[in-house]
Amino acid sequence: DGPAAPTAAGTAGAGTASSRVDGEVTVLAAASLAAPLTSLVRAYETEHPGTSVRLGFGSSTTLAQQVAQGAPADLLATAGTDALDRLGDAAPTETTTIARNTLEIATPRDDPAGIDGLVDLAREDAAVVLCAATVPCGAAADEVLARAGVAAHVVSREIDVGATLAKVALGEADAAIVYHSDVVSAGGAVRGVEIPAEQNTTLDYPLARFGDDPGARDFAAYLAGPAGRAALAAAGFLPP
Amino acid sequence: MSLDALVRLSRGGLDLDLPLRAGDGEVVAVLGPNGAGKTTALHVLAGLVRLGGGHVRVDDEVWAGDGIHVDPSLRRVGLLAADHLLFPHLSARANVAFGPRSRGTSRADAAARADAELDALGALDLAGLRPDRLSHGQAQRVAIARALATDPRLLLLDEPLSALDPELRPLVRATLAARLRTYRGSTVLVTHDPLDALTLADHLVFVEAGRVVQEGSPADVVARPRNAYVAHVVGLNLYPGDAVGADTVTTALGPVVTSGHEHRGASWVAFAPAAVALYPHRPDGSPRNTWPGRVVAVELVGQSARVRLAAEGGATVVAEVTPASVAALRLHPGTDLWAGVKATEVSAYPA
Amino acid sequence: MSLDALVRLSRGGLDLDLPLRAGDGEVVAVLGPNGAGKTTALHVLAGLVRLGGGHVRVDDEVWAGDGIHVDPSLRRVGLLAADHLLFPHLSARANVAFGPRSRGTSRADAAARADAELDALGALDLAGLRPDRLSHGQAQRVAIARALATDPRLLLLDEPLSALDPELRPLVRATLAARLRTYRGSTVLVTHDPLDALTLADHLVFVEAGRVVQEGSPADVVARPRNAYVAHVVGLNLYPGDAVGADTVTTALGPVVTSGHEHRGASWVAFAPAAVALYPHRPDGSPRNTWPGRVVAVELVGQSARVRLAAEGGATVVAEVTPASVAALRLHPGTDLWAGVKATEVSAYPA
Amino acid sequence: MRLSRALIVVPAVLAALVVVLPLVGLLAGVEWRGLPARLADPAVRPAVRLSLVTTLATVVVCWALGTPLAWLLSRADGRGATWLRAVVTVPVVLPPVVGGVALLLAYGRRGLVGEPLLEVLGLRIPFTPIAVVLAQVFVSLPFYVLAVEGAMRGIDRRLIDVSATLGARPLRVLLRVALPLAAPGIVAGTALAWARALGEFGATITFAGNFAGETQTASLLVYVALQDDHQTAVALSLAMLAVAVAVLGLLRGRWVR
Amino acid sequence: MRLSRALIVVPAVLAALVVVLPLVGLLAGVEWRGLPARLADPAVRPAVRLSLVTTLATVVVCWALGTPLAWLLSRADGRGATWLRAVVTVPVVLPPVVGGVALLLAYGRRGLVGEPLLEVLGLRIPFTPIAVVLAQVFVSLPFYVLAVEGAMRGIDRRLIDVSATLGARPLRVLLRVALPLAAPGIVAGTALAWARALGEFGATITFAGNFAGETQTASLLVYVALQDDHQTAVALSLAMLAVAVAVLGLLRGRWVR
């Protein structure tokens, strides 16, 4: 399939000549994007034979720090924009928003504590877990709770959304505040309770591009395009 | 019958089949060449090696056999190995006190007992030292004290004196003999030293390749070695007697003059057959012990001839001479002659 | 002068100050009671313990002293400890081959050398076994082979025969004697066995508490023990000679009859002073070696009397008798009498 | 330096460098001026205290439970022992986060043991300091057991035999003979287990959660801080390292020659 | 069962339970039906292969560098050795993520060693499989060194002395005498180091990144899977455990009686 590489560049319509001949694009992405991005990359690679996309996942802050330390990234997709402050002197060529996310309450499937809204999170008999205040989902949850005037009965501040969600999925906690996309990707493992829009907040998912690799530019466009949008929507993300 | 054991076991090239019996207060000595299985047999008695067949019974308690295997810690044995095997992290005193402490003696009593045992072996001044500060001989004396400090029912001694220097060996042997006299359990003594065996043991068992090649009382074995190894090893005439003076022990042979001894009363007297000279006439000269006797038997064992004499009192004296002497003196059963032993060749030990 | 050492060291209660010298091919025996510092001195020579003061020089190379400390692996010593210290993970053959292999010998040559050394000690059949399958005595024979297999410049033997059974000991002693005869380096032999010392060594050093209490040639020391310990330990008359027949060695004393020996040619003949009987007249009877002589000196050492006789050929015979015999025979310098030794009391070893 | 010695010393130095270089990197990256202020942060004290208390508890549990297990493993030769040893090693293999999940599945509200515990005794383990200790024991115990077992296997078996003939029952043999003779291994195992417990992060956060003053150990605080301001994280790490090196250094200095 | 024995067996069983219960919990929580499908995911194979290759490399590095270090430490008695030993233990204490940061600070683009390496040799370490190995060595080496050192301290010093008098130079003493005699400790240390490397997560994700097929080890894949579907994570963990138990069991069965 080697000879197909020029075709791929042609399809993207990006005329700029490139020093890249291997057609490889490296994408670093927040762990919460793992499921939709993995399926998107597979589809993209089928559509663009000869191009390969390397995916790396981690916490947004870690990823940003890695880029600052010289990680070979063409694209960086983080949860929230704060992480981009950590890029140091690795300045992005371009930054676009590819998705947004809102918060939602997650409870175990059988909802043992009977959680119907934010106010129930203050009950003494409800064990609530949140993300740590230093990670985006934790800061956002604090913001939502403050806006609703609820002092939640928090038993733990987890390090990331995955850990937070796991507590609920395993029935260890009665409720957690996580992203809507997390509730969707957990499938039936947890039950979601929506937070009214006036109390809710949204988080932007920026996509930072480094250098000027045509393949990277093409894949970025693909992500922001209809295919990307559809996959992200299916995973529970809001359009930008 | 205190100890009644039949040790059966196959291990590597060794095929043990060894009956061992010892009454209360009795000492059985096991002798045999390197690799004969002596140490292995002791380990079976101690419970460290499992019996392949046979049994170990002590005071009618079954320790091993028929699927039973009593744990070593419950057997009340005292084991003294050829290597001292002292605990390297404990002082000599704590090593000796370890046994009593294990059996529930109070700290103070155990320490006192330890000091007493060490003192009996002339090692009290070493009490505070760790094994790595002791020389080999010192360490072995502490190990003897440790084995004795537990009042074991069955005492297992594996070449207990082999590491001691020749000057100390008689002292420790005498201590051990005295200790064994008051000891009420049974003792199995593995040794290479015939003097140890003959002076300490009531019964000798000679083992080769895991089998008994000869056994019997010391006098028996000395008189009738049935095997070159036995004849070589048992080189002693041995008589019970009564130490009546500083250099005399009265025995069935009559008074035997020694080169001096300190004990009085019940005593053993021993001398090597090789030390017995035979004369056609009563000799004058330095051999101060001379007895008339009549040749009972002459046997060739290996390169030497063993001549048994019936002495006047009915006692037997064995002499080892060269075959050439047999010819020169025309020795045959019935010959009358004189046997002489120098006083310096006679050993006397408390019985 | 091959070995020239002055071992000075303080360690625990021990205060060593020991000059040791040995020419090429010479064997120095170090004797002394437990704890005297013998093992420590050997370890200093081997480089395992650092010298406190003094020096160790071999063939004019400085091994230790003046701040120099040559690593043990570069000293070319052979050390044989009282504990065999075989490598538990290696077969007997691999244990013996370890030294040659360490010094660069090829695998095949080292194995061949190992087999040769094992064979010389009658242990070739053990070559494939690991130490845990060997009895104590077997293991010690392998360890001797290991120490000899490196052709060391300085051979350090720490009670090399002490673990052997009495039947094997003469065989190994003879092997060792033969091996030491062709060995061109110096040997320091620590032993408790006077027979080892007198038959193997050219020079004896008696040590007590870290100091030399007596030293000299075997004949010297035997003739003039200056100390009860020495007198006790050195209990032998020793003569070079020529083994001319199956039971005869010609010596300065004349032909000495033994109970049989297998070697021929240069030989040592030894017998204990205690085995020497004294007679006012020529004795008849089983002592087949009898010599007329004149008393040169009578000394009391401890509880016995040592009588030195000048025999006819000019040789000296020492007899140990009881003080009572001295009185009975009226022994004093100048007395003429006969000395007799039974053939079974005579040991003969190849020189 | 002679070749033979160099062939030992050179790789040893490389090994030391593998460990030391990153530490030097850490030290070089520190903004020393801000350090005291960062360590004065009110979240630091309770986290450090909790770490010290829980790691100490972990060490005690390892001693009490791990030593007998190590002893039995060192004496056993059968297949059972081989596989038990392999199973005991499993927590080392498990990514700590998965270990935390496993702990939840065992001791959580719906867990095998956790559910009966909660219903019968009303005892809830997750989100408590007990959970922190349990998580630390889970990850540390294997290191302790394997280190101590190795040392106990090295003991001359004949010494153990002799102590039995002297009448010492199994517990006494263990306490008075095996323990002192295995002392270097026990010190090493304790050091490893304590250090591993101090650094424990994944299993703790998953099983015990992260609540300041209750389950937030120094190690969790470092991670949380790292998301925000890595200088605070580095400052706290340095403090932990200093404590650890001091404790390990002194421990060794005292207990081993 | 007699008291003295029970006082050993009971805590030992408790110790085993501490480890085994969570594993049972894990097994009980698995949806067995979906397992094969989950393990057939295309991300699994490369991750498992990478884990096997890198952990093997880590073990080899531990052997080559860690053994000499352990040997020197076991023979040394001075203060220097005590503190070096403490420093070598440090990576155990460091939360692995901080260890990753430290590795970046040492070998990263701006790192102490990384910068010269990049400029002079054009060699970039982070985010490559080499970085995975380096991260694993960093966290595993202490376990290896301490386990082996403990075993080496237990060797009868006189055997070492004797081998020196037989002419063995230091390297030979190490290889032919110390190594075989410390074999149980080396097997234990290898098992520990390998297992720790296999489970390594924090330092790897920070220092080497998490690129499928390149730096995504099985342990990282578990973490990623845990973000959305913990069944996949559990399935993969079980597979890792099965491999680990099998390897450790066989290793032991072969090398130690």
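We call the chains A, B, C, D and E, going by the order they appear; numbering starts again at 1 in every chain.
Convention: contacts are C-beta pairs under 8 Å (C-beta built on N, C-alpha and C of every residue); 3 or more make two chains touch, one makes a residue touch a chain.
From a predicted model like this one, the values you see are computed outputs, not experimental measurements.
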item	value
Set of chains adjacent to chain B and to chain C	none
Distance-maximising chain from chain C - centres being C-alpha averages	A
A-E or C-E, whichever has more C-beta pairs in contact	A-E
CA centroid of chain C to CA centroid of chain D, Å	57
Chain centre separation (chain A, chain B; CA means) in Å	88
Contacts with 2+ other chains: residues of chain A	65, 166, 170
Interface hub residues of chain D, defined as touching at least two other chains	97, 101, 104-105, 169-170, 172, 223, 226, 230
Chain B, residues touching no fewer than two other chains	83
Those chain pairs that satisfy the touch definition	A-D, A-E, B-C, B-D, C-E, D-E
Parts of chain E lying in touch with chain A, wherever the complex brings them together	43, 97, 101, 104, 108-111, 124, 126-127, 205-206, 209-216, 223-224, 226-230
Contacting residues of chain A [partner chain D, same complex]	59, 61, 65, 127, 129, 132-135, 154-159, 163, 166-167, 170-172
Contacting residues of chain C [partner chain B, same complex]	12, 33-35, 39, 82-83, 133-138, 159, 162-168, 192-194, 229, 232-233, 247, 257, 259-260, 274-275, 277-281, 283-288, 303-304, 319-322, 324-325, 328-329, 337-338, 340, 342-345
For the chain C and chain E complex, residues of the former touching the latter	43, 46-48, 71-73, 75-79, 81, 83, 85, 87-90, 98-99, 102-103, 146, 150, 156
Complex interface listing, chain D residues touching chain E	2, 4-5, 7-12, 14-16, 18-26, 28-29, 61, 64-69, 71-72, 77, 79, 82-99, 101-107, 111-113, 134, 137-138, 141-143, 145-147, 149-151, 153-155, 169-172, 174, 184-185, 188-189, 191-192, 195-196, 198-199, 201-202, 219, 222-223, 226, 230, 233-234, 237, 240-241, 244-246, 248-249, 252-253, 256-257
